[in-house]
Amino acid sequence: MHKHSIAELAAGLRGKKFSSRELTQHFLKRIDAHDGALNSYVTITAERALKQADAADAELAAGNAGLLTGIPIGQKDIFCTQGVRTACGSKMLDTFIAPYDATIVEKLDAAGMVMLGKLNMDEFAMGSSNETSFYGPVCNPWDKTRVPGGSSGGSVACVAAGLAPVATATDTGGSIRQPAALTNLTGIKPTYGRVSRYGMIAFASSLDQAGVVARSAEDAAHVLQAMSGFDAKDSTSVERPVDDLVTGLNTSIRGLTIGLPKEYFADGMSAGVRERIEQAIATLTKLGANFKEISLPNSPLSVPTYYVVAPAEASSNLARFDGVRYGHRAEGAKSLEELYKRSRGEGFGAEVQRRIMIGTYVLSHGYYDAYYLQAQKVRRLIYDDFKRAFADGIDLVLSPTATDVAFKFGHNSDDPVAMYLNDIYTIAANLAGIPAMSLPCGFVDGLPTGFQLMGNFFAEARMLNVAHQYQQATDFHTKWPTEYAS
Amino acid sequence: MIIPAGWEAVIGLEVHCQLSTQSKIFSGSAIAYGAEPNSQASPIDLGMPGMLPVLNVDAVKKAVTFGLSVGAKIADRSVFARKHYFYPDLPKGYQISQYELPIVYEGLLDIELEDGSTKRIGITRAHLEEDAGKSVHEGFQKSSGIDLNRAGTPLIEIVSEPDLRTAQEAVAYLKKLHQLVVYLGICDGNMQEGSFRCDANVSVRKIGAPKFGTRTETKNVNSFRYVEKAIEYEIERQIEVIEAGGTIRQETRLFNPDTGETKAMRSKEDANDYRYFPDPDLLPVVCTEDYIDAIRKSLPELPEAKRGRFVAEFGLSDYDAKTLTSSRELAAYYEAVVAASGAEAKLCANWVATDLLGALNKMSKGIEESPISAEAFAALLKRIADKTINGKIAKDVFEAMVAGEGTADEIIKAKGLVQVTDESAIIAAIDDVIAKNPQQLADYRGGKDKLYGFFVGQAMKATQGKANPDALNRLLKERLAG
Amino acid sequence: MSLSPEQIRQVAQLARLQLNPEQVEPYARQLSNILEMVDRLSSVDTANVSPMAHPLDMVQRLRPDTISETDRRDDYQAIAPETQDGLYLVPKVIE
C-alpha cells in the first residue's frame, strides 16, 4: 500500500480495496517498525489519525469524498497544530501546544487528509542536514550513515521510506528541494505568497514558503493544489485564484524553452551530479524542450545575500521566545535579565544562536547600511536577473539542486560556511520569490541526486507539467531504498 | 518658573495617542479599557509563533485624518518597521512601528501663548504603531504581572519639532493637540486611562549657542500639570548639572508625580540599539490621492474654523466663541440650542457659556453628561424670547431644570411663573405701591431720582417678579410722573 | 570583518543569549567566517539600486475594524510557564 501514488490510493479507497483506517494503520505500523532508526517523526498522532480516517471513511461511504480524502500525510513540525505539540525542532518549544491550527493544517484537514504525525526538522528550520534538531538527527533512508538534507529532513525521510505517502515541508533557502534531491523525491516550493504562512513558525518571513515533498510530481500537484490559496490572515498571501495544477500535467512540453544559467554550471557540482543532470537535459530535449544558455550574473551573490537577510529576519522573529508566555523558561531566574538570557541560552541550539547573533549584528547600529541594506539591494539585482531571463522568453530555468549526493553525518558540523554552501543553487529562488522544485534524475554510487526547475511567478502548473512529463519518460523517481521497498 | 538669564530650554514632545478603533491595529481583539487581565489578548497580541499581523483599515484612516488636520503631508507609501527591545510587556521582542517612512510628516500646529500671541510649532511626523502591554507591580512579592490587553492597541506617535522653549508652551501645545484629536474623533483623549500620553525631550543651552544641548527623554508625563512640572524640573536639573561643571547624559528618565522629580530609568539603559528594519510580515501601506481626498472631504470643522465662524455667524465675542468651541460636543450643543430656540445667538451664548457650564462645572460633569439636553435648554430660552418669562425668572426655572424638576414649560406652569404682560394688572400693582409709599413718592417727585429703583423693586415684588420688565418700566415712569 | 570575543559578548547581550565562556571563542571564529563570506557584498555596486524588502510587488491589504476574537485566556495560559490571577509572571521588574 505504501508504494501507491495518491491517485492509486484514492482509487483503492473508492474501490474498497482498503479503508482509510486500514491505510492509516498500515502507515502507523511502518512508522513503528522503521522510524526508531530513521527518527523522521517527533510526534506520532495515532489516535487523531484514526479518528480522521474514520471520518474519511464515512465521507467515502457517503460519496462526499474528494481526491485526498482518507489519504495519510505527515506534517512538518513547523506548522502549528491545535492540541498537538509543535516543537519546531527546538528545546525552546518542547512544551508548546499551539491553541490554533496553521492555515495549511486546516486546509489539509478540510480536504480529508489524515495527519499521521509531526515530522523532525532542523531547529527552527536552520540547517541543511537535519543535524540541528533538538530531537536528534534524521537518517537518510538510502544510507543511514548519511544525512537526509535539511531542514525538512523528517519530511523527506518519512516519504522516501514509505512512512507516509506524502509530507508537507517548508523552504527558506532550499529546505524542500535539497533534501528532496538527497532522498530521490519530488519537492516543490511554490511562489512566495501562494501558500499561507499563518501558523507556520517563522524563520525568515520574506523567504519562508510552505510546500510539499512527494514521490512524484503528480502527487505533489494534488497536495499543493489543496494547500494553496489566498488567506486573509496573512498580509503576504496573494489574492489570486489558484491555477489548476493537475489538469495540465499531461500537456506536451514541445517547444518549451528552458534556460541553463552558465553560473550554475560552473565548478561546484560533483562530476557524478553533472553527468546525471546532462542526462536529464538530454531526456527533456527528446521530449521537445529547447535549451538555451542564459546568464544570471548576480547569482553567485545569493549565498552572502541570504546569510544577511535570513539571519536578520530570524533574529527578529525569534525574539518572541523569552520564556514568559510559552515555551522554555529557565528555572530559578532571579531577575528579568537572567530569565531572558538563560531561557534563550538554554532553549536555543548552537546553529540558532549563531544565526541570531549574526542577524543581531547586521541589524545593529552602524552596520545596518553596510550589511542589511546592501543585501536588500543585491537581492534586487538577483531578482532582476530572473525577471530579465523570463522576459527574454525563457519559460523555466534548469540547474542542479545540490552540489553532491547526501554527505555523512558530522561532515560540516564545525564549519557553518561550508554547510551554508549546500544551498548555493537553491537560495536564489527564495530571494526572488519565484517557484522552484527538485526532482530525481538518477543515482551516483547508489545515492540519489536531483535537478532543479525554477519558474516565473505562479508558474507552478507549468513546472509540475514539465516534471510530470519527465517522470513519464524516466523511472528514477520510482526507485526505492532496498530496506524500505517491501 | 523663570529660566535663569542667559539660558534657554529646547523642548520637543512625543505624544502617543490611542486611536479609538473597535479592534487592535493588527488583530481582531477588543481594546476596551479596564477588562480582565489578558482577556483581550489573542495569539497575535501574545506574540505566539506563526502569528501574523493584518492592518486595521480604521487605524490608517484615523492617522490620515490627523495628518490632514495639521496640514501635514500624507505618505503615498509608508512602511512598517520592527523596533527591537526586550521587555515583558512587549510580547514579540519588537514593536511594530514606522521608522523611515511614516504615514504622516511635515505638519504644523499654531498654539496660543499667554500673552495672546500665536506660535507655530512644527510636527515632524506622526507614525502608526502598536501599543505595548502593562506591567503590574503591586500585589506580588518577587514578581511582576504582565497584562497584554493593551498590547496591539493602535497608536499614532506625534513627534513635534524642538520648537518649544518653555514648559508653558509645551502645555499649550499639548492642550491644543489634545483638543484636536478629540475633535477629530480619533482618540477619546482620556489621559487617566492612558489614551493620550506624552514623553518630553528636554535640553538646555546658553542663549546663542549654535547647537542644541544633550537631551533627555522623560517618560510618563501623563497630565498637563505633570508635563509642566516634569519639564521645569528637567530644565532646572540640567542647568544645575552644567553650571556645576557636569555634563548631561542622553538617557531616558521617568517622572515621579509624587516627588515631582525625574530619575534615570534602569530598564532602558541599553535600549539604544533598536535594530529597526522593515517588517517582512507587512507590505507598504499605500494612500492614493483619491483616498486622501475622500478623507479630506469628510474632515469635521476644526476648532479654529469653528471659532471664526461663531464670531462671524453669531456675532459672538472671540472669548465666547473660544469657550463654546473648546469641544466639538459643546459647540454642537450650542448650535442646537440656537437652532431650536429661535432666541438671539448672543443670549444663547451667555446662557450656555455662563449658566450651563457653570452648573456643569459645579457637578464636575462634561457637556455630554449635561442633565439638560440641548432641546430642553432651547425650550427654556424660547420662553425668554417669546417673553413668557423674563431673564430673572428664567434663572429660577434653570435651577429647577438642573434639579430635575421637569421641562421649562412644566416648571413655569407648576410654579405659575408666566410673565405678567397684562398692563392693567401691572398698573394695579404700581398704583398699590405708590399708594403705600407717599413719602417716597414725594421725595422722588422732589428730585430724588435714586428712588426709582426702589419703586421698580417694590412693583416687581408685588407681581412676584413676573412683570414684563419693559412694560413695568414704561408704566412706572408714567405713573410716577403723575 | 572579524568579531572579537568581546563583540560576541556584546551581541549576545543585545540578543539576550547566555553564553558559556567556552562557547565564546568558537562563536567568534565561526561568526567571523560567516561575515567574511558575507563581506563579498560590499564590493557590489548598488548605487542606483532600490532595496528589495519583499519578493511581492504588492501593497498592504487592510482588515475591517471588527472584533473577531473572543476571550480564550484559559486556553492561552494553559501553556504559560507561570501565571497568577490572569497575569503572566516574571521576576520583579525594577525601574
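Should a chain be cited, it is by its letter among A, B and C, assigned in written order, with residues numbered from 1 in that chain.
Everything below uses one rule, namely that a residue touches a chain if its C-beta (ideal position, glycine included) is under 8 Å from a C-beta of that chain, and two chains touch if they have at least 3 such contacts.
Keep in mind that what you see is a predicted model, and the values were worked out from it rather than measured.
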The chain pair with the larger count of contacting C-beta pairs, comparing B-C against A-B, is B-C
When you average C-alpha coordinates per chain, which one falls nearest the overall C-alpha average? Tell me, please. C
Per the C-alpha means, the centres of chain A and chain C lie apart by a whole-Å value of 23
Chain B and chain C, separation of their C-alpha mean positions in angstrom: 41
I'd like the Å distance between the centres of chain A and chain B, where a centre is the mean of that chain's Cα atoms. 57
Where chain B touches two or more other chains simultaneously, the residues are 43, 46, 48, 54-55, 86, 88, 146, 273, 275, 280, 282-283
Residues of chain A touching at least two other chains: 96, 99, 206, 232, 235-236, 315, 319, 322, 324-326, 336, 340, 360, 364
Send over the residues of chain C in touch with two or more other chains. 13-14, 16, 53-54, 56, 58, 60-61, 63, 72, 76, 82, 88, 90-93
Would you pull the chain B residues touching chain A in the complex into a rising list? 43, 46-55, 82, 84, 86, 88, 91-94, 146, 272-273, 275-277, 280-283
Which stretch or stretches of chain C touch chain A in the complex? 3, 7-8, 11-19, 23, 26-27, 30-31, 33-42, 44, 46, 49-56, 58, 60-61, 63, 72, 75-76, 78-82, 88, 90-93
Which bits of chain A are touching chain B when the two form their complex? 79-80, 86, 88, 93, 96, 98-100, 102, 197-202, 204-206, 232-236, 312-313, 315-316, 318-322, 324-326, 336, 340, 360, 363-365, 368, 372
For chain B, which residues count as touching chain C in their complex? 21-23, 27-30, 36-43, 46, 48, 54-60, 77, 79-80, 86, 88, 135-137, 140-148, 254, 265-267, 270, 273, 275, 278, 280, 282-286
Can you tell me which positions in chain C touch chain B when the two form their complex? 13-14, 16, 53-54, 56, 58-69, 71-73, 76-77, 82, 84-95
